[in-house]
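Next come two complexes built around chain A: one with chain B, the other with chain C.
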Partner chain A sequence: MSVYLDHITRHSPQGGRAIVDDVSLSVKDGSFTALVGPSGAGKTSLLRIIAGLDPHQRGQVSIDGRRVDTLGARERNIGFVFQHYALFAHMTVAANIGFGLAIRPRHSRPGRAAIRRRVEELLELMQLPAMGARYPHELSGGQRQRVALARALATGPRVLLLDEPFGALDPLVRRQIRGWLHNLHERLGLTTILVTHDRQEAAELADTVVIMNRGRVVQSGTPQELEDNPADPFVMDFSGETIRIAGLVTNGRFVPDMSDIIPVPVALSNGRAEILIRPADIRLLPHQGNAIAQFYQRRGLVASYKVTSASFDGMLVEMPADPGDVSASIITHCAIDISAGRFVRDNAWVIPGYGLVGPVISDEVQFLYS
Partner chain B sequence: MSRIVYALVIYLLVTVMIVLPPLLVVVMALSHGLGAAIESLADPDALSAIRLTVIITVLTVCINTVFGVMAAWTLTHFRFPGRNLLVVLVELPLSVSPVVGGLIWLLVFGTQGWWGAALERWGYPVMFAPPGILLATLFVTFPYVTRTLMPMLAHNGRAAEEAAVLLGASLWQVLWHVTLPGARLALVSGMLLATARAMGEFGAVSVVSGHIPGLTETMPLHIETLYNGYQTVAAFTMATLLALMAMIVVLVRSLIERRLDRTEPSI
Partner chain C sequence: MTAYLSRRLGLPRRQRDPLPGFGLGLGLTLFWLGTLVLLPLLALVSRPWQEGLHRGLLAFAHAAHDGRILSALWVSFGSAVLAALFDLVPGVLIAWALVRSDIPGRRIIDMLVELPFALPTAVVGITMATLYGPTGWFGAPLARLGVHIAYSRTGIVLALMFIGLPFIVRTVAPVLRNLPADVEEAAAILGASRAQVLLRIVLPALHPALVTAFGMAFARGIGEYGSVIFIAGNQPFHTEIAPLLVVIRLQEYDTTGATLIGFVLVAVSLLSLAGISLVRRRLSRGVG
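Here is the complex of A and B:
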C-alpha cells in the first residue's frame, strides 16, 4: 500500500516549536523507505503521526489513497516495531505474537488452532522455531526484536513502520538482523518505512532515503542520488565523511586559509567561501608543499592517509591502495588538491550541479607505489 | 568485630521494640489458658466485630483498587495543569492524622453536617453506622494502591500499551491484558498494604463509629472497649487475632516483593 503525507505539521505539546514542519512525502507501494536525520529531526514524530500515536495540527495522511488521519491508531492496521521492542513481558513469545489476533471481536477472531498455526508460521519466518513457550526476558536482544516484528506482522498490516529497530542491538547482531530484514522485505513486499540515524543502515536497506533536519524533509532519493547530488551542504555532511576547508575568493581564485592546499580557480565573486569534499576526492601531490602524509589504514582496495602540515592536523585522505600492498608509510613534502570539492557560501552550494569525478590517481602518486 | 557489635545492637532494638510487644500481647491473651481465650472470641459482640472488620476491609480494598488504578493510570499517562497538586493530594491521607480524616466525614454526614440530617430522615444514617466506617477507612487507605502502582506504570512506560493499541486493542483490552498484568505485582503489593491498614484503622473509624457494640464496632474499637471494661483476656485475645491477620498480610506481601525483584526484568 502506498503512503502519502500532505503538508503535515506537528507542534510540540508545550506549544511553539514545530517538531514536524510542513512535510509532504509519497511512499510507493512495496518500497522500503528510510527516514534519516540527526536526533531531534522529527523522524520518529513523523512515524508516530503516520501510525496515529501522535496528533498533528495540519495536513493529511493517506494510505492507498484513503485518508486515515481521521481514524484512531487502533483502526489503521499498521504494523509498528519500537526501538525497545515493547514486548508484553508477562506473556510468552507465542502469546505476544498472537495478541493482535486473540483480542479481535468474536465475529472476526480466528479459531485458537488457526492462531496457533499463524504463530508457528511467523516463528518459522523469523527463524525462531521452538521459542514460542519462552518469555521475552529469556531471549537475546536480536531475538526480541524479531518477536516484535513477528507480532507486528501477525495481523497482516498494510504498512510496516520501524522506529530505530536496531538501536539497542550490538553491531554484529545489528548487521545480521539488517541483512535478514532486507531479505524479508524482498519476500513479503510490504511497504516499509524505517527510522534510523545511521545513514549507512539507510543506504544499505532502503530504496528511497529521506533526509530530515529540524522537522523538514531536506532531500529524498535513492542512496546514489543523494551521494551524487546532495541538495545542500547538510545532506553531504550527513551522508558521508566530509572535510570542510575554509578560504577566501580573490579575483577568481579560492585561496584556502591553510597552507599546503593548492588554490582552486573559481568563477565566484570575492569573499569568504568553503569547499566540502569527501576524503576519497582529495588528491595528494608530492613535492609541491610541506605537508606530511602518514599511512593510516587500508580497507580492501582503499588506503587512507592522515595528512599533517603546519596549519592542519590529521586530515583524512583516501586513495586506491597499491595492489601489492607496498603503499608508502610516509609521504613527505606533499600538497593537497581539493579541486574536486564543492563550493559553499552562506550554507548553500554556489555552483549548482557541480559534478564530481571519481578519485583520480595522479602520476606523481603512482610512482610512489613502485 | 564492630560488625558483630552493630548486629547485636540491631537485634536488641528489634527484640525490645518489635518482637516483645506482640509477644506480651499473646502471653496476656493466654494468661487464663487457651480455652478462656477461644471462649472470649465466641462472644457475639466479638464475632460481630470480626465480621464487620472483614466486610469493611474487603469492600475498602475493592473500591480503592478500582479508584487507585484509575488515579495511577491517569496521573502517569497524562500531563495536565494541576497534576502535581493531585499527586500531593493523593498522598494527603498518609500525612493527615486519621482523626482529622474521620472528622471530615462527621462534618459532611453528621447530624450537624450538610446532608446528615436529610439522610437520617430518609432512613439511611451514614454516621455511627457501617457506611460511615467504610467512608473513613476508604479515606485513610486511598493512597496505597495509587502510590505503589504509579512508579511501576511509569517504569513500564507507554510503548507496550501503544503496541497493543496498534494491534487493535480497545482501552479495556489494553488495561486488562497489558497495563495491569505488567504491573500486577505492584498492584497486589499495594492492595495488601491497603488491607493491613484497613484492618487496623482506629483513629478515623473511632470518630465516626459511635462505638455501638455488636453493631458499629470493628476489631480495633472492640479491643479498646474490652480493655476499658477490664476484660483483659478478651481484649488481648482479640488483639492477638488482629496482629496475626496483619502479620499474614505483611508476610504475603514480602514474599511477593521478593518475586518482584527476581522475576520481573524490564523488557
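Here is the complex of A and C:
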C-alpha cells in the first residue's frame, strides 16, 4: 500500500513550535523507506502521525489512496514497532502476538485454534520457535524486538512502521536483525517506513532514504543519489564523514586558513568560504609542504593517515591501501590537496555539483599508491 | 604475609565489601529492627506462656469459647477486609485522576489525599460520628430512609475506608505513572478500544500494586482504634473491635486476656500479610 503525505504540519502542544513543518512525502507500494535525521528532526513525530497516534494541524495523510486523517490509530490497520518494544509484560509471548486477533469483535474474530496457528506461524517466521509460553522479561533484547514485530504483523497489515527498532540492541544482533528484516519486507510484500538516526543502517536497508532536519524533509532519494549529490551541506555532513576547511577567496583562488593545504582555484567572488570534503577525497602531496602524515590504521583496502602540521593536528585522510602491505608508515614534507571538495558559502553550495576543478592527482601521489 | 598464605592455601582473599560501610549499615538496621519491632512482638508473643505452657493453653481454650473475643476479632477482620476492598475502586479512580488527567487543583487534591495520614484518628472518628449520627448532615436524611451508619458495622467500615484510602492512592499512583505510554499505544494500534486497553492492559499491570495496596489498607484497618471507637457505638458482640477489647481488658486488670487478644491479632495479621505477598508474587510473575 502506498502512503502519501501532503503538506503535513504538526505543532508541539506547548509553545506551538512546528515539530513537523510542511512535509510532503510519497512512499511507493512495496518500498522500504528510511526517515533519517538527527534527534529532534521530527522523524518519529511524522511516523506517529502516519500511524494516527499524534494529531496534525495541517495537511493530509492518505494510505492506499484513501484519506485516513479522520481515522483513529485502531482503524488504520498499520503495523507499528516501538523503540522499546512496548510488549505487554503480563502476557506470554503467544498472547502478545495473538492480542490483535483476540480483541476483535466476535463476528470478525478468528477461532482460538486459528489464532494459535497464526501465532505458531509467526513464531516460526521470526525464528522464535517454542518461545510462546515465555514472558517478555525472560527474552533477550533481540528476541523481544522480534516478538514486537510478530505482534505488529499478526493482523496482516500492509504498512509496517518501525520507530528506531534497533536502537537498544547490540551491534551484532543489530546487523543480524537488519538483514533478516529486509528479507521479511520482500517476502511479505510490505510497505515499510523505518525511522533511524543511523545513516549507515538506512543506506543498508532502504531503497529510499529521506533526510529530515528541524521538521522538514531536506532531501530524499536512493542512498547513492544522496552520497553523490547532497542537496546541501547538512546532507553531506549527515550522510558521511565530512571535513570542513575554512578559507578566504581572493581573485579566483580559495586560500585555506591553515598552512600546508594547497589553494584551490574557484570562480567565486572574494570573501570567506568553506570546503566540505570526504576524508577519502583528500589527497596527500609529498614534497610540497611541511605536514607530516603518520600511518594510522588499515581497514580492508583503505589505509588512513593522521596528518599533522603547524596549523592543524590529526586530520584523518584515507587512501587506497597498498595491496602488498608496504604502506609507508610516515610521510614527511607533504601537503594536502582538497580540490575534490565542495564549496560552501552561507551554508549552501556555491556551485551545484563539484567545484570548478576536478581532483588533481600528481605524479608523486601516484607513486604513493603504486 | 597473610595474603601470600591465603593464596598458598587456596583460601579466598578477604574481599572488600562492594558498598562502603555495608557491615555497619546492616548491623544498625538489624539493631533498630530488633529493638523497635521484634523485641516488643517477642514480648507479646511470649507473654501468654509465662506461667507455664499448661496455663497458656488453658487461657487459649478459655478464649476460644469467649464469644465476646471471637466476635470482636470477627468485627475487626471483617470490617478491615470490606473497607480495603471498597477502597480499591475510589482509590484507583483518584490515582488515575491525579496521574492522567490535568484537572484544576490537582495539587490540592494530591495533598488532601494524604490528610487521613496526618489527622489525629480521634478527630476523624468524632467528625464522622457527628456527620453520620442520627442528627448529622448525612445521618439525618439517611436515617429517614432507614439507613443507619453511625453506631453500626457500616460505620466501622466507613471509618476504616477513610483511613485506608491514602494507602491505595499512594501505592497505585506511582505504578500508573510509570506505566509506559507506548504499551497502551501499541494496544490501540492493534485495534483495541479504550475499554479493552483499560481492562486488558492497564488493570492487569496494576494487579500487583492493587494487592499490595489492599494489604496495606487491610493491615491498617485491623490496627485502627481511634477513629472507629467514636463511630462504632462499641456494643459488645456487635460493634466492638478487638483493639478496643484489649483496652477494656487492661482496664479490668486482665493482662492475660489483653495479651491473648493481642497475640491472636498479631498471628492473624502476619498470616494475612504473608498470604497477600504470596498472591502479589504470583501476580507479578510476568512483570518480573
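The rule is simple: the second predicted complex is superposed on the first by the 356 of 370 C-alpha atoms of A that agree within 3 Å, B and C clash if a C-alpha of one lies under 4 Å from a C-alpha of the other, contacts with A are read in each partner's own complex, and residues count from 1 in each chain.
Everything below uses one rule, namely that contacts are C-beta pairs under 8 Å (C-beta built on N, C-alpha and C of every residue); 3 or more make two chains touch, one makes a residue touch a chain.
Quick caveat, the model's predicted, so the values are computed rather than measured.
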| item | value |
| --- | --- |
| Side-by-side fit of chain B and chain C on chain A, or clash | clash |
| Partner chain in contact with A:244 - chain B first, chain C second, else both or neither | neither |
| Partner chain in contact with A:78 - chain B first, chain C second, else both or neither | both |
| Touching partner for A:66 - first (chain B), second (chain C), both, neither | neither |
| First (chain B), second (chain C), both or neither touched by A:13 | first |
| Touching partner for A:51 - first (chain B), second (chain C), both, neither | both |
| First (chain B), second (chain C), both or neither touched by A:89 | both |
| First, second, both or neither for A:144, with chain B first and chain C second | first |
| Set intersection of chain A contacts, chain C complex versus chain B complex | 51-53, 72-80, 82, 84, 86-91, 99-100, 103-104, 136-137, 148, 151-152, 154-155 |
| Chain A contact footprint on chain C (complex, rising order) | 180, 182-183, 185-193, 196, 200-201, 204-205, 207, 285-288 |
| Interface residues, chain A side, partner chain B - complex | 13, 51-53, 72-80, 82, 84-91, 99-100, 103-104, 136-137, 144, 148, 151-152, 154-155 |
| Chain B to chain A touching residues, read off their complex | 79, 159-160, 162-170, 173, 177-178, 181-182, 184, 264-267 |
| Complex contacts: residues of chain A adjacent to chain C | 51-53, 72-80, 82-84, 86-92, 99-100, 103-104, 135-138, 148, 151-152, 154-155 |
